[in-house]
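Would you mind keeping the following structure in view while I ask a few things?
Per-chain residue numbering starts at 1, and chain names A, B, C and D are given in the order in which the chains are listed.
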Amino acid sequence: MQDKISVIVWNEFVHEREHEAVKAVYPHGIHQAIAGFLKSDQGLTVGTATLDEPDNGLSEERLAGCDVLLWWGHLAHDQVSDAVVDRVQRRVLEGMGLVVLHSAHFSKIFRRLMGTNCSLKWREAEEVERLWVIEPSHPIAAGLGPYFELPYEEMYGERFDIPAPESTVFVSWFEGGEVFRSGCCWTRGHGRIFYFRPGHETYPTYYDKNVQKVIANAVRWAVPRVQIVDSCPNVPESLNPIKPKSIHFAKAGVVQQGGRNLE
Amino acid sequence: MQDKISVIVWNEFVHEREHEAVKAVYPHGIHQAIAGFLKSDQGLTVGTATLDEPDNGLSEERLAGCDVLLWWGHLAHDQVSDAVVDRVQRRVLEGMGLVVLHSAHFSKIFRRLMGTNCSLKWREAEEVERLWVIEPSHPIAAGLGPYFELPYEEMYGERFDIPAPESTVFVSWFEGGEVFRSGCCWTRGHGRIFYFRPGHETYPTYYDKNVQKVIANAVRWAVPRVQIVDSCPNVPESLNPIKPKSIHFAKAGVVQQGGRNLE
Amino acid sequence: MQDKISVIVWNEFVHEREHEAVKAVYPHGIHQAIAGFLKSDQGLTVGTATLDEPDNGLSEERLAGCDVLLWWGHLAHDQVSDAVVDRVQRRVLEGMGLVVLHSAHFSKIFRRLMGTNCSLKWREAEEVERLWVIEPSHPIAAGLGPYFELPYEEMYGERFDIPAPESTVFVSWFEGGEVFRSGCCWTRGHGRIFYFRPGHETYPTYYDKNVQKVIANAVRWAVPRVQIVDSCPNVPESLNPIKPKSIHFAKAGVVQQGGRNLE
Amino acid sequence: MQDKISVIVWNEFVHEREHEAVKAVYPHGIHQAIAGFLKSDQGLTVGTATLDEPDNGLSEERLAGCDVLLWWGHLAHDQVSDAVVDRVQRRVLEGMGLVVLHSAHFSKIFRRLMGTNCSLKWREAEEVERLWVIEPSHPIAAGLGPYFELPYEEMYGERFDIPAPESTVFVSWFEGGEVFRSGCCWTRGHGRIFYFRPGHETYPTYYDKNVQKVIANAVRWAVPRVQIVDSCPNVPESLNPIKPKSIHFAKAGVVQQGGRNLE
């Protein structure tokens, strides 16, 4: 790991250029709003990346130096290159942290890492969301009270089609009657993943102090503890002696490596 | 669910036709050996499917009627069609059970559902494997003692790159010095998944009575409890009234469905 | 296990005799209301037990034949004998199912099995509770829609001080603004435990068809899969040979058994 | 939290005074051996406590200032005062870390927090234990290779009667043929608990560099993130309005607090 934690905020950056209502809230893009408040953490080096950049802004080199990646997408999930998704998945499994925001529940990378549909119920009705802290001792909840409120948010309701989280940090109450597991943690490979529900493009959610605290906490929580390149090694020498058997079996002579099988 | 449980044993069926050593052990293929002992359960209808059949033996229609799918593969993971992998994944998420056997840890479908590399250490040295029952009350361990042994098996050693299992039913001790989480359960979507480690193609593992008991138990455990087609519905009507807000935000006018976004 | 599943509904049976308001709702006691609807399952033999009976109604003999125990208590948790709590805990760890209802979150037996305080927020205000089904494929949710409502319930709100559940089947939305993990599953020893939130003594909750379905499902889910008496055995003979070591250590000569150490 | 992390190493300190063989290995007691190597972490203030001290060395005041408690016991679990066990449990639930060592699997405090028997198989035969790292990215595994070995240890074998760990950091392979989940993590209340298997009193295990690294890592991992005193508050005022109901129910007039019910 480097001295400073290297963070990239990825955004598809489509809404903010196509819809006046969104541009009014996030004139420089959601990624800049998020990068802006993260920069107050002096331990972080914060950059951004967007869909329209070469390699969707996430070249092999850039990802190699990234400790924690944040992801916001909505309209253009399908336009993210599969090669980039493969690359991000590989890096998460090696140890890179990933913070998945709001409508990125349907991003290729989140669905890839979860293995599930990641679908949910939704409604866009300017309604109150109250996020209850279920695990007050979790590092992502540091500095919060028993709950915090967002005055206007899109509703996401259960059932959220995800693998059971390792920790459920927040559960949301919605004015219109639904609930949602809105802060969920998983480990995949050697990397940590946090999904955080709020952040609809037409509401000023990313200017909310509690939302900013949660995202800043999540970045710190997701910092890599290791960097381990995947392998599936043959270890022909045993640590303890293997007794010769009376019956012998031929070997099929197959070597597995990286998902491929080479004779 | 139907009166009888519909089971399909899928096998790539390559080793048994290409390697004499394997053919000697499983002359009709591993799938037939497994289907053979499963048929003693009168509540099951057992069929088989192989890689070389049209649609890899798993057409839309066939999978639609399948309750539990077993999967054995090794040499030819890459030859399984992506459309078939998509289809099997969809069916598991809808509720179908999946039992993943031995070298299918590296199958496309298992890696897809896990989201991880599913890599491990391995050695082919005719060594003793002793499977310890960690959860004696789990239905998959029904009828077993505190452990059972296989006199000759391939070694798989940790670290096995999987998401932490919901239940770890077995942990293996290997003569050569390694350990392995050899019976692991997950729920993904509405379906249950069981990975079972033993079953190397050159050893007579699938004739072992305890192995047969575990697989038969796993099939019963993985029977669908529901069949739910995925959706990500907009629910514009709220169950409880939403108070009009003083500030109004425009809607971005986006409808999400099935991973795609339609304006 | 016997042919019929043996179920005992335990109730402290104090409110219904001391408070007119409660007597009006449950004239024969909450235990009789619950036993009443469970009896419609022909596979069950349903009995009841109350605090004021000898051994709190749960003698060694009676518990030995019990498959699933349901527990309702509120006013008199402290009056349950510690010997009975020990006995119930032992039986759960051996495999007996336990269904813990509403204010029994503070029962000695639930706190004993959880190891935590099991505290929560609460309010008695005749408010609407809507229980969302988080795991539609879980057997305890069988036959339910995406949610069900109770028109009048006591509110329990997070944070609920419990170990993270193995499955969270329901999350409740409350009219007054709180959320709660209202259907939680754990395995302890060889037994299954389900906590189900609704059931305040002044409301007719146990006459609700969905509540009855959940409790009936939970009883079926909690049926013992094994019955294993605890032991901590010394196994001086090893399964594999242990190589003599060059250095020898004396044995301290201690034998552990049942939490005691006997020289 | 204080500037320095306050650590107490608790030891029953009986073996080392009663058995020459143990005294030879740990002349000043196991607690001093552990405290000794922990002191090389400049961020820690390390003290010790033993059974024979007043309050078993763990007065209310002393525990109030403790961040992480380590616990070694074997012969004298029953002699630990129940009041002290209550106190330690309360502090763990408030946020204090607890590291449970070897034969303390049968300590009152560990069994209290787990809710299970915590029994296992065991054999004292100077055998090789090889601890495989199952979660290389877990902070407790920092700095270790894929495995480490202890040349002489007591064997503990599965089934270990514990609630399924939140993380299983190590699984042990024993020369004599058994396996064991030898490094297990749980959260209870707001506190973190780590059980670490090795450490038999007749072997020089606590002088092993890898064992020392694991314990030092565990202390750092278990540092409190919060300190929250338990409560079960009545919150009569709702955050959102509760609609008057047409039917009214009397209140039973009961106030719950701290496990007691006061009218």
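Convention: contacts are C-beta pairs under 8 Å (C-beta built on N, C-alpha and C of every residue); 3 or more make two chains touch, one makes a residue touch a chain.
Here the structure is a predicted model, which is why all the values come from computation and not from measurement.
Equivalent interface to A-B within the set C-D, A-D or B-D: C-D (over half of contact pairs identical by residue number).
At the interface between chain B and chain D, over half of the residue numbers involved are used by both copies, so each side presents largely the same positions. Among the other chains, the CA centroid farthest from that of chain B is the one of D. Interface comparison, A-C versus B-C: the pair with the greater number of contacting C-beta pairs is A-C. Centroids built from CA atoms put chain D at 26 Å from chain C. Taking each chain's centre as the average of its CA atoms, chain A and chain C sit 36 Å apart.
If you average the CA atoms of chain B and of chain C, the two centres end up 32 Å from each other. The set of chain C residues that touch two or more partner chains comprises 130, 135-136, 157, 164, 166, 175, 177-178, 187, 239-240.
The residues of chain A lying in touch with chain B in their complex are 15, 19-22, 25, 74-78, 89, 93, 103, 106, 111-117, 119-128, 151-152, 155, 157, 161, 163-164, 166, 175-178, 186-189, 201-203, 230-236, 238-243, 245, 247-254, 256, 259-261, 263.
Contact residues on chain C toward chain A in their complex (touch as defined above): 130, 132-136, 146, 157-159, 164, 167-168, 171-174, 177-179, 181.
Residues of chain B touching chain C in their complex: 95, 130, 135-139, 142, 166, 175, 187, 190-191, 224-226, 228, 239-240.
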